[in-house]
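Below you'll find the structures, each written out as structure tokens.
Two complexes are shown next, each including subunit A; its partner changes from subunit B in the first to subunit C in the second.
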Partner chain A sequence: MSKEVVLDCLGEACPIPLVKSEKALEKMEVGDILIVQIDHSCAMKNVPEWARKQGHEVELEEIDDGEWECIIEKMK
Partner chain B sequence: MPREKKIEEYDVVIIGGGASGLTAGIYCGRARLKTIVIEQALVGGIATNTNEIENYPGFPEGTTGTGLMKLFHQQAKKFGVKFKLTNVKTVDFTGDIKIVETFRNRYKAKAVIICNGSKPRLTGAENEEKYVGKGIAFCATCDAAACTDEEVLVIGSGDAAIEEGMFLTKFASKVKVSIIHDEGIMDCNEVAKSAALANPKMEFLHNTVVERFEGEDELTTVVLKNLKTGELTSIDCFTCFLFIGYIPNTSIYEDKVNMTKSGYVITSENMETSVPGVFAAGDVRDKFLRQVATCVGDAATAGVMAEKYIAETEIFENIIMKGDGIAYIFDASKADHRKFLEEIEELEKEYDEYCCHRVDTYKSRGLAQRLCKTGHCPSVIIIKNGKVVKVISEETLSKNEIEKNL
Partner chain C sequence: MTEGITRTSSRASARGGSRRKKKNQIPIALIIFVVIAGIGVWLGFKGENLLLYWVFGLAFGFILQRSRFCFTASMRDPYLTNSTSVTRAVLIAFAITSIGFTAIKYGYFANGLAIPGQSYIAAISIATCVGALMFGIGMVIAGGCASGTLMRIGEGFWMQVIALFFFVVGSLWGAHDFGWWKRTFILGGAKVFMPDYLGWFGGLLANLLIIAVIYVIAHKWENRGSNELSH
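Let's look at the complex of A and B:
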């Protein structure tokens, strides 16, 4: 059964969200979902870009004004 | 087992969040349609590649691509448009309800607007990505004025490359053109070719391709490689314009809507694709000029057409095709068509078991076409038990003939 992990990176500036995401995803299985909560505009760009480049499925959603969730499905 | 997708229902799903998608969003949102824009990367699209936008009306001081798109985005959000930043995986346009799937969601929509845009073809040379928007440009109309009295380099020899190159000579002090072919060969039309050869500001570097791009933060130098000799030449330039074609982002629509050979979506002037309820706007369309201003025009039309389509579907399914009825298809701008309305009125009184519908094609032809494929006007359509049983066209149209068929 695949699981969902929520990673709270609110209030954290680059490159912390990216580093945290990398570490979290490492421990997860293929098919698992990582939800990274971010509110720094640079993380909003580099987290999805990194995940896409790694070949994962990515979705970015604005939850509140300036608050985003980057949803990553581990593909490999 | 694949994860179950979350189903969400919308009036309109807009695919692509560039100038067209955002404008379509503004129009649909303002029409109070439940609307979502799905963008694969960041909102703003290809306009954000352009640093200066000097010819978009309303900004006499000029604006930036990113700045302008931010305003479009804000305006769409103001009208309640939802945004989802992810890739569209597949679409299914075969049913009345259109399906758009992302990796987590299945969106059901009454109408879809395709605004995927197109992307300029890149050379694939070293460091290219680094300088896109920072010295590598794709649009002379947009960036020529910024090159006044500077030397520029153009890559390509097609119509766009040579014609835009000539346009650039009005501003730049020198326009060098890198051409992959042998001396004397260009891909453009002959008229452009001879005009270009006669232009003293233009210089042609045959048998060359880009090896790499160089510069500190901004591009300063392009290294060209001679295909015959292998020799590398450094060309200093203020801006390097790539005109080696565009690629429309339409692979997911293959065999789903009609497209040109090069993959652009074919639409009517009202932005209708070959599939009813699916519209297309902006750079993704087969058209002449690709600018923010033309995207805005396309998308306004597409947004209004989508709204009309949805409203007409509702009338058609929930009112006209319920039970028995008489539909008079006419053009309200024509006196004789208006005159026949009196007969319809009488019929309405005499046959109160029939519901009478007056379908004015002057406002829109959509409903008329749904009732009768040929869209004859004027004509009367007789509906029994929710089915069209008779079409009486102009030649035989009379109150008598209608009564015979009731």
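Let's look at the complex of A and C:
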């Protein structure tokens, strides 16, 4: 059973969301889903870019004005 | 600070509650547009290129925000994620700027006029390196360089106001003691204006070549990361 982790990075400036995502994803298993909540526009670019490069499935959703959820499925 | 990690059992519960109805931003956009245009007209009547500065400033901020351009990320991400996409974007911007300002300067020179902006050719020395390193550390901690900080305040990211406050404090302090720093460290360095050494075309070519070399290194750096991962 895959689990889902929500990482609250609201109010965190770049690059904290990225570093936190990296650490959270390390502890997770393949197939798990990490939802990173971000409101720093720069993180909304570099978190998905980094995760895609790592080979994970990534989806970005704007849930409110200036608030995003980056949904990462750990692939390996 | 809390870990910020909560575990939930199903996907729907984590996301379902967080979706709010977005506010319509068109009315406020129209109001701001009218205010911007009004200030533009006012500046136009005050003269002295003020309207031009206003338009360029607005355009720069708009492009910076929409493109997610970030000078901090360009220097930080190569270390953090091996990503050099922003680094290369900055290098391309430098290349375009080099061609642009060389053209402007040469235009003045060719017409026998005083070359504009020559006072910005600052002496380079070890102080440049030390200052650059300190600025780099500062901008990564603050989450933005000067333009990035201003742009994010405009976006409504309030934490950056703290960065701006101390940026102003630091700048004032720096300006206050700048005479001493200049006499003690900066004036010892050499002032280099490349056209003086290599000619106008050679100087531009050298500049573009240096940028191209860094671009290639940046590209290799990014791929180096992915090669390591695939092994």
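Assume the second predicted complex is superposed on the first by the 76 of 76 C-alpha atoms of A that agree within 3 Å, B and C clash if a C-alpha of one lies under 4 Å from a C-alpha of the other, contacts with A are read in each partner's own complex, and residues count from 1 in each chain.
Here is the rule we use: a contact is a pair of C-beta atoms (placed from the backbone, for glycine too) under 8 Å apart; a residue touches a chain by one contact, two chains touch by 3 or more.
Computed from a predicted structure; not experimentally measured.
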Of the two partner chains, subunit B (first) and subunit C (second), which one does A:Trp50 touch, if any: first, second, both, or neither?
-> second
Between subunit B (first) and subunit C (second), which, if any, makes contact with A:Ser21: first, second, both or neither?
-> neither
Name the chain, either subunit B or subunit C, that contacts more residues of subunit A.
-> C
Just subunit B (first), just subunit C (second), both, or neither: which does A:Ser41 touch?
-> second
Once the shared chain is lined up, is A:Val58 touching subunit B (first), subunit C (second), both, or neither of them?
-> first
Can A:Gly31 be said to touch subunit B (first), subunit C (second), both, or neither?
-> first
Which superposed partner A:Gly66 touches (first subunit B, second subunit C, both, neither) | second
Please write out, lowest number first, the residues of subunit A touched by both subunit B and subunit C across the two complexes.
-> 45
Residues on subunit A engaged by subunit C in the complex (per definition of touch) | 3-9, 11, 13-15, 18-20, 24, 33, 35, 37, 39-42, 44-46, 49-50, 53-55, 63-66, 69
Given the complex with subunit A, which residues does subunit B contribute to the contact?
-> 3, 41-42, 83-87, 102-104
Residues of subunit C defined as touching subunit A within the complex = 4-11, 14-15, 18-20, 22-23, 25, 65, 68, 70, 72-73, 76-77, 80-83, 85, 140, 142-144, 148, 152, 155-157, 159-160, 225-226, 229
The residues of subunit A that touch subunit B in their complex are 2, 31, 45, 48, 57-62, 71, 73
